[in-house]
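Labels A, B, C, D, E and F are assigned to the chains in the order they are written; within every chain, residues are numbered from 1.
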Amino acid sequence: MARKANKSNVVAYPAKKAARPAEKAADSGVPRQDDGRVMALDLPPGTLSEAMQAYFKKCEEKLGFVPNVLLAYAFDNAKLEAFAAFYNDLMLGPSGLSKLEREMIAVTVSSQNRCYYCLTAHGAAVRVYSGDPALGELMVMNYRAAKLTKKQRAMLDFSVKMTAQSYAIEEEDREALRRVGFSDRDIWDIAAVAGFFNMSNRIASATDMRPNAVYHRQGR
Amino acid sequence: MARKANKSNVVAYPAKKAARPAEKAADSGVPRQDDGRVMALDLPPGTLSEAMQAYFKKCEEKLGFVPNVLLAYAFDNAKLEAFAAFYNDLMLGPSGLSKLEREMIAVTVSSQNRCYYCLTAHGAAVRVYSGDPALGELMVMNYRAAKLTKKQRAMLDFSVKMTAQSYAIEEEDREALRRVGFSDRDIWDIAAVAGFFNMSNRIASATDMRPNAVYHRQGR
Amino acid sequence: MARKANKSNVVAYPAKKAARPAEKAADSGVPRQDDGRVMALDLPPGTLSEAMQAYFKKCEEKLGFVPNVLLAYAFDNAKLEAFAAFYNDLMLGPSGLSKLEREMIAVTVSSQNRCYYCLTAHGAAVRVYSGDPALGELMVMNYRAAKLTKKQRAMLDFSVKMTAQSYAIEEEDREALRRVGFSDRDIWDIAAVAGFFNMSNRIASATDMRPNAVYHRQGR
Amino acid sequence: MARKANKSNVVAYPAKKAARPAEKAADSGVPRQDDGRVMALDLPPGTLSEAMQAYFKKCEEKLGFVPNVLLAYAFDNAKLEAFAAFYNDLMLGPSGLSKLEREMIAVTVSSQNRCYYCLTAHGAAVRVYSGDPALGELMVMNYRAAKLTKKQRAMLDFSVKMTAQSYAIEEEDREALRRVGFSDRDIWDIAAVAGFFNMSNRIASATDMRPNAVYHRQGR
Amino acid sequence: MARKANKSNVVAYPAKKAARPAEKAADSGVPRQDDGRVMALDLPPGTLSEAMQAYFKKCEEKLGFVPNVLLAYAFDNAKLEAFAAFYNDLMLGPSGLSKLEREMIAVTVSSQNRCYYCLTAHGAAVRVYSGDPALGELMVMNYRAAKLTKKQRAMLDFSVKMTAQSYAIEEEDREALRRVGFSDRDIWDIAAVAGFFNMSNRIASATDMRPNAVYHRQGR
Amino acid sequence: MARKANKSNVVAYPAKKAARPAEKAADSGVPRQDDGRVMALDLPPGTLSEAMQAYFKKCEEKLGFVPNVLLAYAFDNAKLEAFAAFYNDLMLGPSGLSKLEREMIAVTVSSQNRCYYCLTAHGAAVRVYSGDPALGELMVMNYRAAKLTKKQRAMLDFSVKMTAQSYAIEEEDREALRRVGFSDRDIWDIAAVAGFFNMSNRIASATDMRPNAVYHRQGR
């Protein structure tokens, strides 16, 4: 069951380091939001395997930071490896869906579940991959207000139905995807990505996972 | 019933003109989102009163643009005047709530209703007033994940209950606001702002009102 | 931005004074419901402008009472004027929708939000305007059980969708209104009325606004 | 398993015949609502037993009409008898709950389910039994806005929880009823009445059962 | 209004006595679930009529036990008789729906309401009547995942709509049933069974009624 | 990132082969439910690695069958390996939660999402691990009706809140788990299992994954 991190997959998307720190706010009476905390559970860091140490190093080099979700899983090397392998295959591996489309599903699902971590991290990815800041905002706020191709809309509608009432999905829902041009393998990938963020959103909210502050500025 | 636009109130918040246009996206397969359209209803512009003409001119001078919501109402001068008077008293008039707090209510309510227009325009206002981009994002995404004072949290919880199940508000909800230090007049203002965005969100969604593109960049 | 109360608009609808007081109940073990209280917030009355004093006087002459919603706003003359101007333009101003149709929207929306004040006051208006007590009850209880023209039904369905899930309104919803004969201006007016009562319902519930007892008897 | 209709129970509540017919409406563009139809299913009348014939006759004498729900069941004498026996024991039989309290439960549950038939018929009963028209309206519109004793409020809260999420009722809910003074037998009766109207509301809506027009005027 | 228990109707379905007791669990840290308790209300047993005594005796002979729901009602002979008469006519009396179909409705409705008592007792009935254990599980878990005829599916869809939003049922829902071959009398019976379990589910949950342990094994 | 299937983890729980086939049903008019189909997507089987071939062989030896979820993933060896590694670490790896407790979470979450596959497969696991068939049924039907320790109840309440409204989880929810004795690491594990089944339920429903028929009989 050995699994290698595909080197070209380490960098989740072509982001640049955030250069300037958030400027000091005038005294607004509201506490500052970013404090570098990773999550609300107090779990001592585990001993990382060489593979995971190399993975973190590569994140630093390419992204400028290690995404907090990886730091959260780092209390247990086995869980971190299982998560990274699962995630990288899903979001960066071969698929009929582009990386942007997979991120659009990620953000649309995260919007249903109102997950601060995933909306921030993957909202940035949509802005960066698409080069269209407004598209990222629309996925966060209400994908129904976006201008999309019929195929993209069907993909997101399916993802939202999976999120809100998966028990009601039936053959006609799969047929709607086939009609706009998705293959059965594509349908699996849509289901897998939408399913995954229904997991990740919940784990992030359950542990109050905090996004790296740098995401807020990416792709604006 | 005469009502004058308070000059100092014309500028909704201290924003700068957006300087550079959105850069050209790589071909992502997703249509560009911003097209300058104001809303989905085709209503010929009305004849603006002198007061309203002056109001629009002042918007241009101070903000660099006329907010699309005002252009939407401009098909009927009477409606535009009534709306502007109502809005300016509510969001910019004297109140125990700061302008930032009123905008925080606006965005939190708009998040419940998933209103693209209001989340974009008022999310920008929260970023600008607070000087904290993350705070704006949190109001858009999930206010429960934000670090807030007890008073601010109570104010937003009340606004969300008003939005989701106003029929269930009872004396104990008002008491909860009084306990953290709000006066009865403050409670009115919280109710009035939360109520107003439950109207505005719905009119914006019903007419597919589009936010000015410039908002996306403000306060980042 | 001056705005005059249209004299012929002062009377919200052709009601008569309630003649006989509610008879004394047998001891039912339930407290009497009407006590003349206006709302749950304790706000000292403001100083009314001459225009507003005249407006209240006209209400007394024509309706026999000042609606409690106006008394509630009377703690602040600026807010009262803004509200009255906004309301009168909306519900009594020129529109492709009849006053009865606007009241039907008001009651249907208020039923979704279970607002005691608005259901009582505007339920009375539907009874009076239509001359059909059962129609008023149906709007309060379940508009789907009413016998309506296709156009009226489409108008109310749109209003209910705006109330329950405004984020899901799209072009096909507006098209459905156009197909049964509504113009884009009519659609604005439907949206404006439905939106307004989503505000008013919430402010009334948030402040426990109480309807004037006289409404219960009107149009029976 | 013989069961006799208790003579003193035949009259559901002390109502008078409605004297004057609804006045002709001005042409409002809305169809008249009352047309004497009983329900949307076309079921030929069955042969009534002597007991049921006597029961209907007594209704005519005491109420001035046979409630439409009984006419609906009259397609099958066995079903009519089973329903009448079940209903009369529940609503008119011996209980620690007064008839008014049972009707208050009936209307509160029917409001959750938005059942036109039951809201109309039992809303009238609350008005008549209590002598307080506003109380009837409050049960129809939003029982949370009514002034009630703690015991009555607990009774209705339990009924609403049974209606909205019966699966979540646990010992602490029953304890809340015991704490305000209800016996275990009272709790059964509350559950039985709330349960019954969750059945009746649904059968009435499923068959579009129409209330007798006379109810609208009773107890005003 | 006399009503006789039809002898052939006493046995609800062709079940055999459960032979072996549940085996002793390894110490799992979870309390054993079956303890023979009937419900959470403490109601002293009433004096049963001869008819009811005979009914209970026949249950013992044919089923091997008296269903706990009957023991729950036995605190009051009048209520027990009314319930038994109503139930037996509904579920065992003449109808265009087979007994299996009525039980399928019962379980599908009970699944919406998550009623442990009814899912257990009537889930067993579906397994026994159909001879297909998987069908019973599907009705309990998610009827949409079952392979059904169009007619059965329409019947269950109607029952679920009655359960979840009865207020939204209209003529087109009844037409959908007629189109697949149901008569108006069949529609009544579907509505009556779906309605009944919306009552029974709620009374069972409100009183924490516990199913006889023997049901778990029937029809496996 | 290499990961080995722990040999002792291959068998998900101590089940025996199902011996007798489902008996032939009398002609009930309902199609038989079990047909050996794995899912609704038509995906040609991939080439399994040696590790995965061995894994499937061990399933056959120990369980008597390969769980259909593994057959579903077998169209792509990389996905199968990532899933198996992730799943086995989660449900069978070291944890403060017993395997039974993890299965109880799995079934409770699957009940919220009404997932036929997971309810069937993991409902069987709860019956087998606990030796208490009624406990398995309660997790499927309504965990609130089960007799549980305070700790187990808190664990399931948290899992259900994660499922229904993860966005509303806050520090007080985590504190409630700590108060009954869970460590921060336990909280992670609860969140991870509840999160995982929110993914798996949705992928299973989206692809109409069918459980192996043998599960229905296990642990009865």
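By our rule, contacts are C-beta pairs under 8 Å (C-beta built on N, C-alpha and C of every residue); 3 or more make two chains touch, one makes a residue touch a chain.
From a predicted model like this one, the values you see are computed outputs, not experimental measurements.
*Asks:* Going by the stated contact rule, which chains contact chain C and chain F alike?
*Replies:* A, B, D, E
*Asks:* What is the size of the turn, to the nearest 5°, that moves the C-alpha atoms of chain B onto the matching ones in chain F?
*Replies:* The superposition gives an angle of 120 degrees.
*Asks:* Averaged over CA atoms, how far is the centre of chain A from the centre of chain E? Could you give it in whole Å?
*Replies:* 46
*Asks:* Taking the mean of the CA coordinates per chain, how far is chain A from chain B in Å?
*Replies:* Centre separation, chain A to chain B: 29 Å.
*Asks:* Indicate the residues of chain E shared as contacts by at least two other chains.
*Replies:* Chain E, residues with two or more chain partners: 114-115, 142, 167, 170, 205, 208.
*Asks:* Every touching chain pair, please?
*Replies:* Chain pairs that touch: A-B, A-C, A-E, A-F, B-C, B-D, B-F, C-D, C-E, D-E, D-F, E-F.
*Asks:* Show which residues of chain E lie in contact with chain D when the two form their complex.
*Replies:* It is residues 1-5, 40-43, 49, 51-52, 55, 75, 78-79, 81-86, 89-90, 93, 113-115, 158, 162-163, 166-167, 169-171, 173-174, 184-185, 187-188, 190-192, 194-196, 198-203, 205-208 of chain E that touch chain D.
*Asks:* Report the residues of chain B in contact with chain D in the complex, numbered from low to high.
*Replies:* By the definition above, chain B touches chain D via 167-168, 170.
*Asks:* Taking the complex as given, what residues does chain C use to touch chain E?
*Replies:* For chain C paired with chain E, touching residues are 142, 144.
*Asks:* How about chain F: which of its residues touch chain E in the complex?
*Replies:* Residues 22-26, 28-34, 98, 100-101, 104, 111, 114-116, 119-120, 129-135, 137-138, 140-142, 145-149, 152, 205, 208, 213, 216-217, 220.
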